[in-house]
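Across the two complexes that follow, chain A remains constant while its partner is chain B and subsequently chain C.
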Partner chain A sequence: MTVLAAQAVVLPFLGALCGLLLGPWLTRVLVAGGLRTAEDAPTAPPTEARGVEEHVEAVPGVPGEPVPEEGRPAPAGLRGGGSRGALGPVLFAVLPTALTTVLTLVIALTVWRTPGTRTGTLVEVQTGGPPILVGLSVDGLAALLGVLVGVVALAVQVYSVAYMRDEPRYSSYAAFVSLFTSAMLLVVFARDLMVLYVGWEIMGICSYFLVGHHWEDKANSRAATKAFLVTRVGDAGLLLGIIVLGLGAGSFDIATVLDEVGGMPHTTVVVAALLVLCGVAGKSAQFPLHTWLPDAMAGPTPISALIHAATMVAAGVYLVARLYGVFLAAPVALAVLGVLAAVSMVGAALAALAQRDLKRVLAYSTISQLAIMTAGLAVGSRPAAMFHLVTHGAFKALLFLAAGCVIHAVGSNLLADMGGLRKAMPVTFVCATIGYAALAGLPPVAGFFSKDAVIEHAQSVAFNGGALDVLPAGDQGIPGWVAWTVYLSLLLTTALTAAYALRAWLMTFFGPEREAHEAPAAMRWPIIVLAGASAVIGFFGLAAEELRPHFGAAAMALLFTAAGAAGMFLAWRDAPASDPSDRMGRVRPLLENAFYMDGLYDRAIVRPVKWAGRVVRGTDTRVVDGAVEATVPAARGLGALARLPQTGNPQTYLTGLLAGAVLLVLAVVALT
Partner chain B sequence: MSVAYPVVFSALLFSVGVYGVLARRNAILVLMSVELMLNAVNLNLVAFDVWLRDALHGGQVLTLFTIVVAAAEVGLGLAIVLLLYRNRQNIDVDRQDTLRETKQEAR
Partner chain C sequence: MSTLIHLLWLPLVAAVLPYLVPAGARLDPVGFGRVASGFILAMALVQVAAFDYAEPERMQQSMNVAWIPAIGVRFHLGVDGISLPLIVLTTLLTFLCFLYLGRRETPDAKLLTALLFVLEVGMIGTFLALDLVLFFVFFEIVLIPMYAVIAIWGGEKRRHAAYKFILYTLLGSAVLLAGLMLLGVSAGTFDMVALSERQGFDIARGVQIAAFAFIGLGLAVKAPMWPLHTWLPDAHTEAPTVGSVLLAGVLLKMGTYGLVRIAVPALPEGAEFWAPWLGCLAVVGIVYGSLACLAQTDLKRLIAYSSIGHMGFVLLGIATLTATGINAALFGNIAHGLITGLLFFLAGSIKERYGTGDLAGIGGGMLAKAPHLAGVLAFAAVASLGLPGLAGFWGEMLALVGAYQPGAGLPRETFVTYMAVAAVGAVLTAAYFLRLLGKITHGRSGTGAAVADVHPVEWASWVPLIILVVLVGLWPKVLLALTDGPVRALIGAGS
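Presenting the complex of A and B:
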């Protein structure tokens, strides 16, 4: 079993390696073998007409400004530019991912039929401290996440073949996606915290490279650096937390750590849980480390779907679920998690309400939805949180890929440039409708069941004054006010989510009609598959008693959903061509800039750090270099003194020589 | 005859030569002073040769060598002085200071 998991991890990695090393060679072999590439095809599909406008991505930090068209068509006639002429890299990208998806499905089926945890260790690395077990472990949770990662990664790889067909650096792009898939599966299946951390960091660097894929634009590379640095702040905490846990338990093995938590001092557990929370907040873009995610939308849209919506950002939530025993032993950390989740979900949902850029709407929505998962964890419902993680992974990937189709067709990211695409793009319209319905939590699509499970649990915990039913009775749970905050924030977020989902949906597909073309088949099929998954995946929750919706909480949530949607619809109805958010008046800039958090961080952190950097540089040039440079005139002055006797007149030298000799003789005579 | 007379005499002769080398400006006079010093040495060699009654007369032989070497040296020296005069139109030793340290800084 773990062998299968190991294959699933290694396959995409090999695919990435081979795609870079052997991709062009395979292309040549295939072409020589008589296989014609799409480039040679006599009739071009009609979508090629606007292929130039593919690489229109969000401009980070400048919400609402028109995006310049930065089409970079591949140099004409250059084979290997873009996925179109690069059959080898395409095969190396798609086939291993497809195999991995099959493997994850096999693993999930096996685990489903015979539940239990299976572990395997390749090698045990002695460190002098607790040993590092390089191994994998497969249980229900990991298998579930593995399937999510596999399916979304496959959908994105197939989608990218069409989306990136004119991209000159397709091979490296596909290789990074494969490497990312490999790293994410390593995180999911890791047995040891250190192995998990390795996968975690590889994901981070892949995210960095892929956000900055179009690095020719300075703003993109800045967004990549920001994403990298902000998540790094959290990762530093995570590493320390792992070390605290490992030293406390005497092992980095996750199962051992969870067994040992009861015996550790309470302070150690609290410190470890809070440190791990730093990493979670960084990776899962929770307040206060959420600012990188909206800017990360500068990456290509499939990347936003894979990394910044469905999988990598969910890794933080997954980590909490993995180490849930640690958090249950430290309810303080759960309370902190609950407060952060409440702030993140309401704040991000409000910000999503006012964004002008479709991808930024989805990015803030991602923050908000991830906060719903962490809220589920904070109120002690791991199954509900994981359920929402999976459904969210499906419908958010769907929404991003559908957004990619729309952006592809319209050539702009801005909602203002869209609208009326319902007739022109029927497939995208239907799929996106399912996605938005799932996002808003309408029955019977997936989001309803999972969000409802979280809300229901939060409600019961709030009514019980914060006592968690996963803890033994009488144990201290989270404070009652935290439980109430989480519950009320969830309801408020439900209303806001319905509002912004409806706004994005209306502004994309309704209003004055517009000429456009449907997306190519390779982009259509992934979203159709994901739409099907989003539609039915919620019913799997009915199998578990704790995930089943009940009338009271569900009706409450639907009431809020209806309120939010009705408010947005009324605002939109009068002027279908305009932006409903314009009615917010002076509140709008505040929301559009996400409460000026970026500006605040700029003032509070970025500028002081830059100032400190300047001080250090000044010290270096003026004090350290100054001391070195001051020795130069000193040496020169001494040299001038030494040069004085050199007159050029040999008679003077000889006089000196003679005087010296006489002195020496006198000295010898006097001393002997 | 005591050996002291020729030795004192040669010492005086040598001192005159040293003074000439160190103090004269004219290059030819400097060369002549060098000759004076050489001849002071020759005088010493001969005087000690006689005083020590050397059977092989090494001192005298060495003196002959010195005279030959001195002649060659003077030939060379005069040639240099001649060239110096041709190039610089003077043979003052203290004005030949091309190798002195100049005022401008060496970088």
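Presenting the complex of A and C:
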């Protein structure tokens, strides 16, 4: 079983390696064998914003051989590359991912039929302290996440073949996506916290390289750096948290850590849980470390779907679920998580209302939705949180990929350049509609069930004054006010979500009609599959008692949804061609800039650090090294002093001798 | 006699041989150097193959003969799990340096070849020596050839840098010698094996503290430890590429190796007394080095300052006086040697192509101009910032683990504070490396002249390092299985 999981982890890794090293060779072999790329979709300018044309300069040395096109000249200026010219890399990208997806499905099926935890260890590394167990562990939670990762990764790989068809650096792009898939599966299946951390950071670096994929534009480079550094701040905390837990338990093995939590001092557990929360806030883009995610939208859209919506950002939530025993032993940390979740979900939903860029709307929406998951965890409902994680993974990947189709068609990310695409892009329209309905939480689509499960749980915890039913009766839960804050924030967020989802939907597909082409097949099919999934997976929740919706709470949430949607619709109805958010007036800049957090961090952290760097540099030259360099003149000076008496003049020496003799005589006389 | 002696006389003969060739016969010194250093590398690999991995803590292939009987100094060599990886690193980097040199004409190639082989004798000898005096002799042999390499083949301000290097390190050596003598005379033996087995039981506490201070100070100059580091940026900036590679890759390790091999096991009470101070200076170095990197404008200087930060982690590991921490230090030594060696190779190639090491002068868009060169640079930078899965991570992580639970008798709160500060340093490390990548690899290429991509010879000298960085990163057991046994023996025998 763990062998299957290991294969699922290793396959995409090998795919990435081979894609980079052997991809061009395979292309040559296949082309020599008479095979050609079967690409017949209409040519469209690749999108991802202004400046793609300039990517041409990057062609030399790009792995991926130019392939003669059948009757169609390559687009002007493109010498080679794009997925269409890189059959080898395409195969190395898609096939291993497909196999991995099958493996994750097999694993999930097996775990479903015979539940239980299966662990396997490849090797135990002695460190002098607690050993590191290089091994995997498969249980229901991991299997579920594994399927999500596998399916979304496969959808994205297939989608990318079409989306990146004119991209000169397709093969490095595909390799990083594969490497990412491998790292994410390692996080999901790891049995040891250190192994998990390895996967966790490799995901981060893949995110860095993929966000900065179009590095010609310095803005993208900055966005990539920001994404990595902000998460790294959290990850430093996470690493310390892992060390605290591992040394407290005498092992980095997750199961052992959870067993030993009861015996650790309370302070240790609280500190560890709070440190782990740093990592969670960084990776899952929760307040106050959320600022990197909207900027990370600089990456190609399929990347946003895979990494910045469905999987990597969910890893933080997954980690809390994995280590839930630690958090239950430290309810203070759960309370902190609850407060952060409340701030993140409302703040990000407000910011999403005012964004002009479709992808940034979705990015803020992701922050807000991830906060719903962490809120579920904070109120003690791990199943509800995980349920929402899976449904959100499906419908948000769908929304991003659909957004990619739209961006591909209109050649811009801005909502103002979209609108009226309902007729021109019927498939995208239907799929995106399912996605937005799921986001807004309309029944019977997936988002309704999962969001409702969280809200119901928050409601009951708030009514019980913060007592958590996962803890033994009488144990201290989270403070009552935290429970209430979470509950009310959830309801408010429901209304806001309906409003921004409706705005994005209307501004993309309604209003004055516009000419455009439907997306090519390789892009259509992934969104159709994800739309199907988003439509039905909600019903799986009906199997579990705690996830089943109940009339009272569900109706209440739907009322809020209706209120938010109605407000937005009224604002839009009068002027369908304009942006309804313009009506917000002076509040809009505040929301559009997400409460100016970036400026605040720039002033409070970035600039002081840069200043400190300059100070250190100056100090090093002038003071630390200055002291060293000063020894040279000092030594010379001493030398000169020592040389003074040695004038070479016998008279001086004689005078000195005489003076010395006189002094000696005087001294002898005086002392006796 | 043991086979280890071959690792010493071979480079020595190789240093002399080019001068013995009759004037008529033409011999390409660098080509000869490639062959000879490759042969020495093969000899080191034979040691790897012959090593008994069941007992990494035992001194293997020992050789112990009288050398200066009058004062009881012996010619004692041996290899265990601590020194074996360092021997391989040394011979590998020397071989790669010769490979890299052959790319183009070098002035005075014969002299350079000879100097590099003398350097190799010193480096290998330092890691093999098991007698305090012998250790010191080899430790000193290294200085002169490195001085000459910087002073003859260096950059514009090479004289100044070379003087600073030799004077500063000689001063360190003088203190080191005093410390070694104090230790040897008070213990009654210069034998390092006996010293570490006896764990300083018969040396008075005051003497231990003084001896540790002297030895530590002498080795700290080499490591280098903040604030004794200022010779390093100058030396690196001016040294030719092969000089920088060997300086960062091997010479810096001699300092930390000496601490682990001599000072910590032989002077446990001195170590316990000084450890909090050592740890403090180590974390100051980590943060200070990283901050300095953030403001650097020269590529080689930046990498030099990054070494100060990384060696800070190594020193922090040693300061914890735990098996984990010392494993971390030894792991960090090797990882830093591989990664920073690669970084200095890259810096040399970049400087050569652009004609400047100034970041603004290099400009942006290297990914467009020379994608493979920029790709390898990105790999090395990512490895250096401590990405898990690559070699740099494990040393840093284990140093933090050690600091969380320092050895008995050390103030725990202080070390936990060090751990937190070091973690901040790790974030800053990421910041300056990403700044570097953003500055020179990203962006449009502008109008600058064309830049050649990676040359096959460059590939040949870099690929082994790349493979090892990945291998050691994905399979840390390769090194930890070797060092863990001897480290436990060094630390644990007394307790």
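Here is the rule we use: the second predicted complex is superposed on the first by the 577 of 672 C-alpha atoms of A that agree within 3 Å, B and C clash if a C-alpha of one lies under 4 Å from a C-alpha of the other, contacts with A are read in each partner's own complex, and residues count from 1 in each chain.
As a convention for this text, a residue touches a chain if its C-beta (ideal position, glycine included) is under 8 Å from a C-beta of that chain, and two chains touch if they have at least 3 such contacts.
What you see is a predicted model; the values in this text were computed from it and never measured.
**Student:** Of the two partners chain B and chain C, which one touches more residues belonging to chain A?
**Tutor:** Touched residues of chain A are more numerous for C.
**Student:** Looking at A:658 after the superposition, I want to know if it touches chain B, chain C, both of them or none. Which is it: first, second, both, neither?
**Tutor:** first
**Student:** On the A-aligned overlay, A:609 touches which partner chain: chain B = first, chain C = second, or both, or neither?
**Tutor:** Second partner only, chain C.
**Student:** Classify the contacts of A:646 with the two partner chains as first (chain B alone), second (chain C alone), both, or neither.
**Tutor:** first
**Student:** Could you say whether A:636 touches chain B, chain C, both of them, or neither, answering first, second, both or neither?
**Tutor:** First partner only.
**Student:** Tell me which partner A:113 touches in the superposition: chain B (first), chain C (second), both or neither.
**Tutor:** In the superposed model, A:113 contacts neither chain B nor chain C.
**Student:** So, A:222: does it touch chain B (first), chain C (second), both, or neither?
**Tutor:** second
**Student:** Which of the residues in chain A end up touching chain B in this complex?
**Tutor:** The touching residues are 636, 643-644, 646-651, 654-655, 658.
**Student:** Residue numbers of chain B touching chain A in their complex, please.
**Tutor:** Residues 18, 21-23, 93-94, 96-101, 105 of chain B touch chain A in their complex.
**Student:** Considering the complex alone, what residue numbers of chain A touch chain C?
**Tutor:** 54, 57-58, 60-62, 123, 125-130, 132, 194, 197-198, 200-202, 205, 208-209, 212, 215-216, 218, 220-222, 224-225, 228-229, 232-233, 236-237, 239-240, 243-244, 246-247, 609-610, 612-617, 620, 624-625, 628
**Student:** Can you list the chain C residues touching chain A in their complex?
**Tutor:** Within the complex, chain C contacts chain A at residues 164, 168, 227, 229-231, 288, 291-296, 322-327, 364-365, 367-368, 370-372, 378, 382, 387-389, 393, 397-398, 400-402, 404-405, 419-420, 423-424, 426-428, 430-431, 434-435, 437-438, 441-445, 453, 476-477, 480-481, 484, 487-488.
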